[in-house]
Structures are given as structure tokens and as C-alpha cells.
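Here is the structure we will look at, set down as C-alpha cells.
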Amino acid sequence: MTPRVTRAAPLAALAVALALPLVVPNEYYVQILTQGYVFAISACGLNVILGFAGQLSLAHAGFFGIGAYTVALLATKVGIAFWAGLPAGIALSAVFGFAIGSICLRSKGHYFAIFTLAVGLIIHLVIQKWESLTHGHIGVIGIPGPGAIGPLTFDSGIARSYLALAALVLTLVATSRLLRSPVGRTLMAVRESEPLAAAVGLDVMAAKRMAFTVSAALAGLAGGLYAGFIGFLGPEASNVEVTFNTLLYVMVGGIGSLSGPVAGTFIVYGLSQVLQVLQEYQMVIFGLALVLLILFMPSGLAGAFRRSSPQALKPSSPGRGK
Amino acid sequence: MLLEAHRLSKSFGGLRAVDEVDFTVAAGSITGIIGPNGAGKTTFFNLISRALPATSGRITFDGQDVTGLQAHEIARRGLARTFQATTLFADATALDNVLVGYRQRTKAGLWDALIRSGRLAREEREAEAAARDTLAVVGLADLADRQARNLTQEQQKRLAMALALVARPRLLLLDEPSAGINAEQTRGLIALIEAIAAGGVTVCLIEHQMQVVMHLCDRIMVLDYGKKIADGTPEEIRQDPAVLEAYLGHK
Amino acid sequence: MELFAQQVLNGLVTGSVYSLVALGLTLIYGTMQVPNFAHGHLYMLGAYLSYTLVTTAGLHYWAAMAVAVVALAVVGAALERLIFRPLRHAPHLNSMIAALGVMLFLEAVAQIIWGEEFRHMDSPYAGVVSVAGLLVTEHRLILLGAAALLMVGLLLFLTRTLAGSAIRATAQNAEGALLVGIDTNRVAMTTFAISAALAAVAGSLVAPISLVYPSMGSLVTLKAFAIVVLGGMGSVPGALAGGYLLALAESLGGTYISATYQDLVAFVVLALVFTFKPSGLFKEAA
């Protein structure tokens, strides 16, 4: 793509996104759109650790759950409003991300994936079983949504969808600045070859831990928005299945590419919500899609559309060795 | 002495890959390590660059004990290395590769990247200037924007040296610089190594081609089965009976 | 004391199932370096096949199990040939993601065929016998015996036959195995088939004493991972001992400490092992 096209494409996408809530047939679609934005933020978060740093973290939904429950419980138990709860949720997810990353990242490759899968399950089971705090299976009900900021109110579905869109745009700006900086280059180096990265003086562990923390913080942001928008929160929000879905979004869109996870989320989540036929056979198709993608198109749609440009990071093989 | 190893050992299971090796590199010198295949040369490099933890022994760099440091920490103190199989970030451009090598000298972190701080911009300019200079030193100035995987074997070797050199190390470890390239290219590489050494970088290299070692090195250490069997000037090594024995015995 | 003995027995029964599943997982990891996240789902398929053949086709329990075992062996071989072999030289992330895809796919297929509801099948061995004062259903005793026999058989196969030695050699050193002329593709396919068959046996054995449902494999996979990490990735004795140990810990911990967090035991154990030994308790054979 020429520089002019690369610059115009995000603006065009943004214009479409701004117009969408106004043209979709009814409130139901506005809600799907809003959810799509929220899951896309989470997918961008997974992409930071998986795509940029090459580590398959399967604890992602756990961080989503921590962000969501922080917002929900602060609001319903302590009476802290959404706008104060959300930063708290992001911060708590990041703190957990930092601590868990410090431990899990010492294991490599398969071990890291298995370790984080166990950690994700532990977070999920604790949320599910700690009934005095989280109400277990019953969940948290009546979570207040985002309150008004000056003249801006967020009570309508459309207003909330714009809020979610704004958060997604911020996420994309942040991840793109991250990727196109020396920090992003460091992550690329770590992903491509840890021994070489260490030999040129890069602190591999610190770089991976940073990516893991950012990834957890973005999952926390998505989780917090989710809790505030839906108004109800159950332990399923932190289920490992949510991690697998997010992984699918990232894989379909293109691992390691900036906007791929967003496109992937809208294709997979959008299709599954809009097409009734798909709903029943959804996971058969998606499971199969995941396998076929990894076999025949490991860099996802972004890889299929993109000729490797100098800026582009290698999308197809984000990890090496065992 | 810039680098000193005292009774350095490494065992893999029951196998002593490096066995109580004493070794020194004088500042400003070019030192060679030779030995038959499987003598433990690369393992020895991995030990002094801290890519592998030593089983026992001590390493000092510039008078300081560095035995417990991690690989990236010793790299930041000025010990750079290349790998035997030319290792690069294959999909990044030559320039981006060298920029990664300069990263250890810059401080901008996550926040600088997110807010695009002035420090980040300043460091990026500084890094790019250093990277382009280093690419010019190794003779790749015109290929800065080419992907590393699209360079020839010889160019990749030069790029790997640029990657190691850009942060201005004091000691450069080269693992078989002449492997996989022809005689003419080897001559070019020898000239480059001499230029690097003349520029004030101490060099230590593992090499199979005897004429390269004899030509370049001030001192040579010979390893065999993980043990040091000889140590001296090229002339002394050439006449050392133990070395002859080791080489002839293996052939 | 009786409660204790009862819980030990329960632990041994569950442990037999865990060990059979973990054995397959560790063999696949050892020979192919693939953490097969779909392994518990093969166990689930085995349980469903036996269930269907017994309840709708009217097959005898053992005949149904035999069919399930053969069917799963074919499924396992196909997975190896169609998915994991082409990915062998790809980055390790790819085979992990493929395994996750297979997992999602198998669970969805089971949901479409059998629905979400819990299924139950009766064992032909419903009688209760008294063993040293403990009342035990015959099926549990048969399960214990059958699993033990199968494990002994597998060990004999791995140590006494040429094909078994090839699997062990590959598990210990894949490159070395290739050098000495072992056909690693064939070994991988055999390993996958055997591992899937073991999972089918476990699923068929457990079906009459527990419930059958599409996601019954997820938790088992994770527990099998905990076992394999504990016992050493690729280690057969480790998987055997680890399976029984984990099940005993769960059943005793669930009784004497807290039943609520019983399922957490495995993951906490796994997390603890990795926290203190980031590359597992036992180094992989290099």
C-alpha cells in the first residue's frame, strides 16, 4: 500500500464506524456493534502479548474478568461510579498482569501456554466460587452504566456504542504507537529470537512482562466497559472459552497486525450474532476455521491482503523453538 | 586484561563440554580460539557471553566479576557477539536490525512511546544516525532498507557484525566469521575485522580456517575435548606438538 | 477410617481415568512436541460413542468400547496426518493454536449430535460387592482392573516391541531417532492413534459411573496437563504415578479440606510447579 492509502484507510474505517450506529436497523444491532468494539479492545490486548511478543497467553479472559468484576463490585458494593471504577479495573488488571507475568513468563513456549491456561482457570474458578464477594453463579446484577460527563450522557445504546468506539480508537492509537516505537522493535526482536535479543543487550524478561501487563490492562479495560454496558455480570465472562474466542478473532484478522484483531472480531463475532444459521453451527465452523487458518493462512486476513512493507512485522511465525 | 576466565567449566549431564579452561583476552588484541569439531569452542563462547550458565569457574570483564550476570547485562557492559549460524531478525530491514542493536543505549520506554515524547524522538534520531554509520562501516550503507532475509550470505554476516557493533562494544566475539562464504569474501571480511580492531574494539574469534587465524590473531588458544591444550602466539601454536597431535589424531 | 478408605478408593478410580488420559497426552508431547489441548475431547468422544452404541444400537458394553477405541484410533491418526504433521516444522505457536481449534470443533460437533444435556448409561455390572468392609460397585472394580491391565500392556508394548521402542526413542530424542532410521512420521501417527485409543478407553470406562456431556473433556485435559507437567513432559511412569497422585489429592483434599475448591487442586499444583521450576520438575530429554 502507498503511504497515502495507509493514511486514508483508517480514516475511512473511522467514518464508516461513526455512521454505522445511525444506519443499522434497530437497537439490537447497535448493541452488537457495541459488544463488537468491546471484544475488539480485548482482542487488541491479546495481540500485544501474542502477536507482538509471540507468547500464547491463555489467561486473557481472567484479566477481562478482573476488570469487569472490579467495576461491577466497586459500583454495587461500595457505590463507586463507573468512571472511577473503570480506571481502577484497568489498574487492577495491570497489577495482576505484572505479577502473574513475572511468574508465568519464566516458563517458555508450551509451558507458558499451559501455565497461563491454569492461571486463567484459577482466576475463573475463584470468581465462580468466592460467593461472598462475587455472588458466584448468580452474578452481579444492577451494575450502573457510565454516568454523564457534563452535557454528554451515555444512557442510550447509540451513545454507548460511540463511547466504546472511542475506547477502541484510543486502544488502536496506543498499540500502534507502541508497535512503531523502539519498544515495539524490542518486542519484535524478542519474538523472533530471544538469544539474539539478549546478546544485543535487551532485557527479554522485562520486555515480555511489559507486553503482558499492557495486554492485561487492555483486557481489563474491555472487561470494565462490558460490565458497565451490560449491567449484569456472571462468572462466564472470565471463562476460558472467552479466551479461545478472542484468540480466534486475532487469528482470523491477522496475528501481529494492528487492525487485524478488530477486523477479525467484527467478522467472527458479527457473523455469529447476525446470521441465525451460524448460531447453531457456530463453534463447528469456527473451530474448523481456526485449524484451516493455521494450516493455510497463518497470518490471517491482514497477511493475505498485505504485501510485506518495511514497517510490517513478521506475522506468520511469531514464535520459535520449543 | 579485558576478559579473564578462571577454570571455567560446563557439564551437560555427564559430559564435560568445557573443562577448567583458563583464558585471557588483552585489551586491543585479536585473540583466536581453534580446535577440532566438538572441542567446545562455541560452548565456551556461550559461557563468556552468559548465553549459558557455567557449571563452575569465574569470569571477569574489565576487572569486574561478571559470572552471575545475565546475557543482556554483560552485553550492556560492552561484550557483543555474533552467532555461528548467522542470526538476524530475518523479516526486518537491515536498518531495523541494527536499530535493535542500538536499543540498549536508549532509555525511552512504554510511556515515551505512548505519548511520543521528545526523548523518544531524540533517541530515534540518534539511533538512526548510529545505525547508518555502522552500516557504512560494514559496507552495507546502500542496503539499509532491504529485508535481512533478502541479503546474500556474506551481506548477512556483515549485518550480524553491524548489529553487534552498533552499541560500540569493547569486546566483540565472532563465532566462525568465515563459515559459508568463499575465499574472496573471506578476504574482505578479514579486512573488515582488522578495521574494527584498528578502531579500538578488542576481538576474539572462533575460526576453522587456519590461515585466517594465523593471519589475524595476536594470540591463539587451542581447545580439544573441552580442555585447553595450548595457548600462545601463532608461531608457538604452529610448532606445538600437542596441537599437531590433536589435529592429526582427529583426522 | 471408612470414609478415608472410601475416598482412597474413589481416588484410585478417578486416578485410573486421569492416568489413561495423561499417558496419551505425554506420549504425544514426547514424540511430537504438541501440547494436545484437544486430548480430553477425544476422551469425551470415546464416552459418547460407547454411550450411543450401548443405548441405541444395543451393543454389549465391551463391544461398544471396542468400536469406540478403533474409531478414536482412526480419528487420532487422521488428526496427526491432516493437521499436526503439516505443522511439524512451523513455529510452535501454530500447532498449539491448531490443537485449540480441534478442541473447539470436537466439542461443537458433540453438541450438535448429542445436545447439551447430560447423558447417563447403565453398566452391565451394577452389582455391589463388599471388599474388606467397603461397599463397591462391580463396575468400579472392573474399571480399576481394566485400567491397570491396559497400563501394564502399554508398558510391555513400549519396552518389548520394536514399534514401542521406536516411540520411546522418538519421545526421548526425535532428531536422533530420525538419524538412526526411525520413520518419525509413522511413529507420530501410531502414537496419536494409541493415545486417542487410550482416551477412548478412559471415556468408555468412566461413562457408566459419571455423566456424559460435550464439555466433559475440558477439565480432564487440564488435569492431564497438570499431571504431565508434574511427572515430566514425555515421561510414561510420570504420567502413571501423577494421575493416581492427583486424583488421591483431589479426593482426600475435597473431603478433608474443601469440596468447593476440589477442582482447583490440579491447577494450583501446576501453578506451584511452574512457579518454582519454570521448565517443569523434570528436564525434557534434550
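Every chain is named by a letter (A, B and C) in the order it is written, and numbering of its residues begins at 1.
Assume a residue touches a chain if its C-beta (ideal position, glycine included) is under 8 Å from a C-beta of that chain, and two chains touch if they have at least 3 such contacts.
Worth saying up front: this structure is predicted, and the values here are computed from it rather than measured.
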Most distant chain from subunit B, judged by the mean position of its C-alpha atoms: C
Higher-contact pair (C-beta pairs counted), A-C versus A-B: A-C
Distance between chain centroids, defined by C-alpha means - subunit B, subunit C (Å): 48
Distance between the centres, which are taken as Cα means, of subunit C and subunit A, whole angstrom: 32
Mean-CA-position distance for subunit B and subunit A (Å): 40
Of subunit A, residues touching subunit C in the complex: 50, 54, 56, 103-104, 106-111, 113-115, 117-119, 121-122, 125-126, 129, 240, 244, 247-248, 251, 280-284, 286-291, 293-295, 298, 317-322
List of subunit B residues in touch with subunit A within their complex: 49, 51, 70-72, 75-76, 80-81, 83, 87-93, 96, 99-101, 103-104, 106, 108-110, 112-114, 116, 120, 123-124, 127, 145, 147, 163-164, 167
Residues on subunit A engaged by subunit B in the complex (per definition of touch): 174, 177-178, 181-186, 188-189, 192-193, 195-204, 210, 214, 308, 310, 312-314
Subunit A partner contacts - residues on subunit C that touch it in the complex: 29, 33, 35, 37, 83, 86-87, 90-94, 96-98, 100-109, 111-112, 218, 222, 225-226, 229, 233, 260-261, 263-264, 266-268, 270-271, 274-275, 278-280, 284
